[in-house]
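You will see two complexes here that share subunit A, one where it goes with subunit B and one where it goes with subunit C.
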Partner chain A sequence: MEWMIIANEPGKTYLMQGNEAIARGALEAGIRFAAAYPGSPSSEILAMLGHVAEKADIYAEWSTNETCALEACLGASFAKVRSLCIMKQNGVLTVGDALHSASLSGVRGGLVLVVADDPSAHSSTNEFDSRHQARAAAVPMLEPVNMQEAKDMVKWGYELSEQLQQLVMVRTVTRINHGRSSVTLGELPQEKPSPAVIGEWDRMVAINWFKDAQIAKLAQAQEIFEDSPFNWYKGPEDPDMIIVTCGTGWLYSSEAVESLGLKDTVGILKIGTTWPLPEKFIVKHLVKTKKVLVVEEVDPFLEQNIANIIAYHPELNIELSGRQGQKAIPRNGELNPDIVLNALTNLTGKTFARPETVVIPQEEAVALPPRELTFCAGCPHRASFFLLKQTLRIHEGQGVVMGDIGCYTMGGQRAGHFLYGFLCCMGGGINAAEGLGNLSRFGFDQPVVALAGDSTFFHSCLPGLVNAKYHDSNMLFVILDNSATAMTGFQPHPGIGLTAMGKAAEPVSIQKVVEAIGCQVTVADPFDIDGTTNTVYNLIKQPGLKVLILKQECATLAVRKREKPRVWVDQDLCRGDDCGCGRFCSRVWGCPGNIWDYEAGKAKIDEVVCVGCGVCATLCPAGAIKMEGGKADE
Partner chain B sequence: MSRELVKDPLNIIICGVGGQGNILATELLASALVEKGYYATVGETYGASQRGGSVMSHVRISASTEYGVLIPLGQADIIVSFEPTDTLRVARDYANKSTLILTDSRPNYPLGVLIGEASYPSMDAIVAELEKLSGQVQVIEATNLAVEAGNSQAANILLMGALTALPSVPIDVADYNKVLEQRFSGKALELNLKVFKIGYEQIKQ
Partner chain C sequence: MPGGMELKNEVLASSTCALCGACLDWCPYIANIEDHLVLRFDCNVPDGRCYAVCPRTFADWQAISKKYLPDAPENIEIGPYFKAYKVKAPIGIEGQQDGGTVSHLVKTLMEDQLAETVLLTGSDDHITPEPFLSSEISEIKKAAGSRFLASPGMRKLIEAQARNVKKFAVVGRPCQIQALRKLDYNRKPDTPAMDVISIGLFCMWSLGWDFKNYLQREFPGEEILSIAIPQHGFEVTTDKGIHEVPFEEVKKFIRKGCDYCLDMTSELADISVGAFEAEKGWNTVLIRSKKGQELFDKSVSRGFLIFEEYPEAELERLKGASIGKKMRGLSAAQEAFDRGVKPFVDLNSEMYTNVKKLAEGKVE
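Take a look at the complex of A and B:
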């Protein structure tokens, strides 16, 4: 709730989402600048800061990509302004060069980089552990266990950043970002400092001359972390085992120790400063035991760095287990309370009385249809994928489609008729297509198609398009322009004409950008299935680079703006299974609004789900799907 | 007022399909609990799509301490669900013989059913299995009642009304209405207060 993050009520406790707590912590620290590229599970942070920007007297932007965001924050930092940069784990890979360079130049105004990791990749294509980037770039990293600590760590991160003159990373995970718990508010600063004058000899220059300074800053961080209130030990003085944990592992471990009645024999060492590790603090506690279980999200990062500490301390005689050691915890996937309970049961032999549960034998259990992800009702991507699939089928050659990252990533699954053969990262499709298209000189004659959404186009397709144009690759680049960064919650991008702070801006026209590069560009409506199928077919037949913009607004946004037309099936006209269409509307088209009326043996519209786009009405061979009413309300 | 809970932590799962308002309903419930001085934590699981995927929220309530955001398997005390097959999917993992289940009966057909590869089970079969897995099952026609009251989208708040009527849930109508009033106004508030009451009466009758 936006009002919570600017509520001037120190001491008041509210239920807050982790992302709200992070935004609040940054405001309590007195930031004036925030920049991010949307990515689940981090997107709410900048969205909220944008909405409160005027009241909080800050500037917030949805940057075109993560590198733009981080380097914009470095610019603010040069004038000693505190800034917050936010991204997901994939983002921290795209900013690698900027991050490693910034760590050499250091910062002036405090700069906190919040990185939201996504263990089990709930909303991602991978579960990269961003702590590797902190270690590789020699940047201090903090890792909160709950929403309160997320707020407090972000706030303290600014003091640390300015003390060290180094950026500070805060690593969260989905369960923190999208979880909610009680957060007690601190004070909001009354006044915020103005940008400092940048003097003749002030410098933020990233060059290897400063490597010694970078190393010294990390050593200084380690000294500070030795006494950090974010690190603590809870348990007996002579434990049989110590659980070393960070992030979500703290509460799961505490519950497991309690449930198994191990409070007198198992201690928990909770680490909030995960890079660099407070070595003396860790050794002081680990010397008490012979067994250590490390509980952490994603990779055995903490575990391997503890192994590193053990290697240099002969006084430690420890059997180490975790995601690596003893395979105590699965190597892959998100933690949960049962994983921690099972690991502890396996290591201690202790069990507890679980509530009585019933397991139904498979042959007696109801067969449940899986709930696959699919495009929303009325989504223009459904139409785009349908017509692309049709076109590539009509074409005598076997078309190859390179996907990209966004809602339309689902086009590689059933929702998009398994259209993709290739998927890499943001902006990966066009580059791979450029390479493949250039094989035509060696006789490769399959049509090559790359897809990207409008937000992805701005994020990372521009260099690829220039490359494909300059080398005249034999390919079709399709931009699925739904006027939204839909997958992450409709954040505006440079093509939209709106800023994160809700102000109007002059939109950057995708068509004009493409034309300025010198490409031949066609704009078509994916809802015009027949017309656009022909357009795509004709484009594929032409040699060289072609660009097609398929433009139709995201259905979830569109439905908010206009009165919904009513779409229904005239069951007198629907010929049911005698039609010969094979239940086209529900089986092939696959929109959640098109259902089958088993009693009547006819098609039906689920009017609760339908958004009234009416495309199915144009496709029904019997003309049984009708549409009426609806008007633009803008 | 006694703050003690019938069971501590009290574990509630609220589940359904993306777009049904699961996350908002959960946030309102947990806010009302925190306002009342309880520890409440919420863990939300949703897939990549805005709509159409399974969505599950875990709420853990305690009078004494903060719990992790996820409920261990087999330890849900109450399951509230907006979609019958998702009720069963969640119950198989999280229900035990004391679990109380409130479920809407309106199907939301997954892709496999739409294209005819899978069939959607009957409500009778679903309820029969739910009864084997749990302590008590109550079917509430939440979406249909919400449509009658004015908007299918309000089914989420209607089910929150039913949940609030359960004796083990330590908030009452006034507590929930307070958070509704904080967040809504005008017609939306009117509708939400109305469907909340309808849901509450489904249990109290």
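Take a look at the complex of A and C:
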């Protein structure tokens, strides 16, 4: 719905996704520059800005990693251009040095950094609470409770940023990013300012001389936040309890108070400026009560900072509860209305008449089978993990595999035959492998294999590869090149040849980069199971650093470009359970396209799911899986 | 009959595998590169052909011997045989190891149509074994000479079956002939039998493929032309000359699975051939079945082979060597049994008790 974010219809209300609202807010603020690295739940924001870039007269890029994105925005800011930087919570850790330094140097053009947190880590390896980074880096942070506020906060963030000459962070969570609600549009600026001339004595320099200024900016932000319209109290004047909340917690708290009929005894103090906290504003309200429940996503950040305020204010006599205090709310995992409702019933003694549970008789119940995360049908990663696993088993040297972050992270589960034993952050695999490989001098002789996807390669593997090359670590670095940032939705990366704005660019060749570092590179096709198994076997036998690119396009992309071949099982040839293969295609190979025909007692292809890669046809010992038709690329 | 997982636990993980190759290519689970043979993914088949055919899973070996070699007098030291001969081919063949006997027996098989296809093992680089099926006399020379690296050649059996070969012949190591017999012995009644004649080779051990890397390290850049064990030590001929490799060095590369072997002379073959230790250029031949006798006779009558009576002293020496190998295998098997590996022979059978008794007198 990109048209909504550039619709010049002030006052008009649309149903908008949180990510759309954020993009709209930035456009209303007159940004001309946007940079991001994809990561759920933030990815749609830059994708949309990229699509409307030409019409909106802005520049948008998928940066190679989050640090590139933030520092690119700092560059734009130096020329007094307003910029938007977007990343997920893992990104704000990657970007730590840049963030802490930028906070010292300050900004010139307004810079808003949107960080999308992922409570319960639905699509992440951890649920890091990015508010800790805002506090640690002394950067003001705003936290919207709904899509309207998401838009308004981002827009206002630029005024704040330029007033303070400091970057401003906006923290959202999955339910804000991906949820939808009504958003009333504001005005889009008619004219966008051109970049300012950077004078000889203009500075944006990050050194500790500016620490006093940094502290002063934070104090100024706190003063501004004391009167911010994003903070408000709603409830009785002498409440038995106040719920202090931010983000989605506000919605759940409002619902719980309403459901329990506690409006006359429980008040809600909604905080939109989560760092620094408006201390006077909070004290003014908390002094009215003896009990406080803090409702917030991920860590007890608000709660601990309120405890901090209580410690300095003897007039407050409060029993504090939340994710930490009284263990009122579970310490771990995403909030939902039931969690808040339970916390409130426990603390107030008020009971809630839940609607009667309807129990479906067992014979009518449809049992949903438990499902694991797996690779898509035809995914080249399945073939890569299959052949790497078998090669390491054949080699009998107890190869150790270091995983990394991407679709192939799922290869640590059954989908990838539990291949890797180590997983850290993006780019962590190659570095850990470099260390392990250098233990060979002490007699460590197990083969060491590190994995990385193509997008991860550009994101954070280059220093690791240089390090491994320079120290000639005994390891095999496998780049699983599926020509896509598939996990987050096919955003282009430097190897693809396309920009966020849909323009062609000269792709950066992974092979040439690796060769330029001085590594010997082998390129192989993961779909050639036998051939590539031999290739990998010969590589792991060699000492020193070896690099292997397993190249095969992401099946989901490939199937859109080609006429797909038909793959089917000739059930006259399939020997069923008499084969001795033990249903190898559906049980071991495990592609969702390979299924078992229970009526015939034979293998079968789910032709709706199958994308026609044909690898299973090469694995069937009876030659019963057939492939016909189809056309190669374009 | 157990399946792949039992094969993995009892044989592959216990390092008793002889690398005969008979379990390969039946299914997608067992994989091989060089001398590694593993179960690449967990198998759920309860009744495995791999387990049934393996020479390192339990079998009543005496019953198998009786079934396939019913006519020759039993011999506890070198297996049943009618007659031992000192044999050679009067006209040699390029690259032959000793007397060229095996090459000429194979030639006879083909010329007299005793077999339409023969399983042979050649090598392109004079060291890496490459098993192949052949029906061409011109290809025999590719297989001349000995291969010292273990090769899972019996995998070609399936290829022969797929080609619907009616009359098949195998030239193989003792473990491979064992697998060949076991395959038929455990054959399900509904699968057709294959008419096979087997030429068994004498074998003390085979080497792991790391030996190849060792030679490359020792003689970098040199092209290996032949490897032989003349009388003592190991002789490697390269394009740069002849190198002696101390036997102590070579021994380090003997495959673990060979330690358990109880059969030096291919005791289940129709005809067994080895070196004649006392005189260079001659072979030892043991004839064990009527088929073996027929093949030998035809080869002699065609003039491919000439033979002499086998010297009594040399026969005693051969039996002593065989008993020595049996004793080493028995003690390795006993040791494996003690650490929980399921034995593949009945260690307490009368036969092995007699072997041990005999050993006291014969082995130095």
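One rule holds for everything that comes next: the second predicted complex is superposed on the first by the 621 of 634 C-alpha atoms of A that agree within 3 Å, B and C clash if a C-alpha of one lies under 4 Å from a C-alpha of the other, contacts with A are read in each partner's own complex, and residues count from 1 in each chain.
Operating definition for what follows: a residue touches a chain if its C-beta (ideal position, glycine included) is under 8 Å from a C-beta of that chain, and two chains touch if they have at least 3 such contacts.
This structure is a prediction, so every number in the text was calculated from the model and none was measured.
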{"item": "Side-by-side fit of subunit B and subunit C on subunit A, or clash", "value": "fit"}
{"item": "Touching partner for A:C407 - first (subunit B), second (subunit C), both, neither", "value": "first"}
{"item": "Touching partner for A:T248 - first (subunit B), second (subunit C), both, neither", "value": "first"}
{"item": "Contacts of A:E187 with subunit B and subunit C, given as first, second, both or neither", "value": "neither"}
{"item": "Subunit B versus subunit C as contact partner of A:E9, first or second or both or neither", "value": "neither"}
{"item": "First, second, both or neither for A:E563, with subunit B first and subunit C second", "value": "neither"}
{"item": "Which of subunit B and subunit C A:D202 touches, first, second, both or neither", "value": "neither"}
{"item": "First (subunit B), second (subunit C), both or neither touched by A:E223", "value": "neither"}
{"item": "Partner chain in contact with A:H395 - subunit B first, subunit C second, else both or neither", "value": "second"}
{"item": "Touched partner set for A:G590, first subunit B, second subunit C, both or neither", "value": "first"}
{"item": "More subunit A residues in contact [subunit B versus subunit C]", "value": "B"}
{"item": "Minimum Cα separation, subunit C to subunit B, after superposition on A (Å)", "value": "10"}
{"item": "Residues of subunit A contacting subunit B in one complex and subunit C in the other", "value": "583, 587-588"}
{"item": "Subunit C-facing residues of subunit A, complex", "value": "389-391, 393-396, 417, 533-534, 537, 579-584, 587-588, 619-621"}
{"item": "Of subunit A, residues touching subunit B in the complex", "value": "1, 13-15, 17, 40, 122-123, 146, 175, 178-182, 248, 251-252, 254-255, 259, 336-338, 341, 354-358, 360, 365-377, 407, 409-410, 414-415, 486-487, 489, 556, 583, 586-588, 590-592, 594-596, 606, 608-609"}
{"item": "Subunit C residues within the subunit A interface of the complex", "value": "26-29, 31-34, 36, 38-45, 48-49"}
{"item": "Of all residues in subunit B, those that touch subunit A in their complex", "value": "17, 19, 27, 30-31, 33-34, 39-54, 66-75, 85-86, 88-89, 92, 95-98, 106, 108-116, 118-121, 125-126, 129, 132-133, 143, 147, 152, 183"}
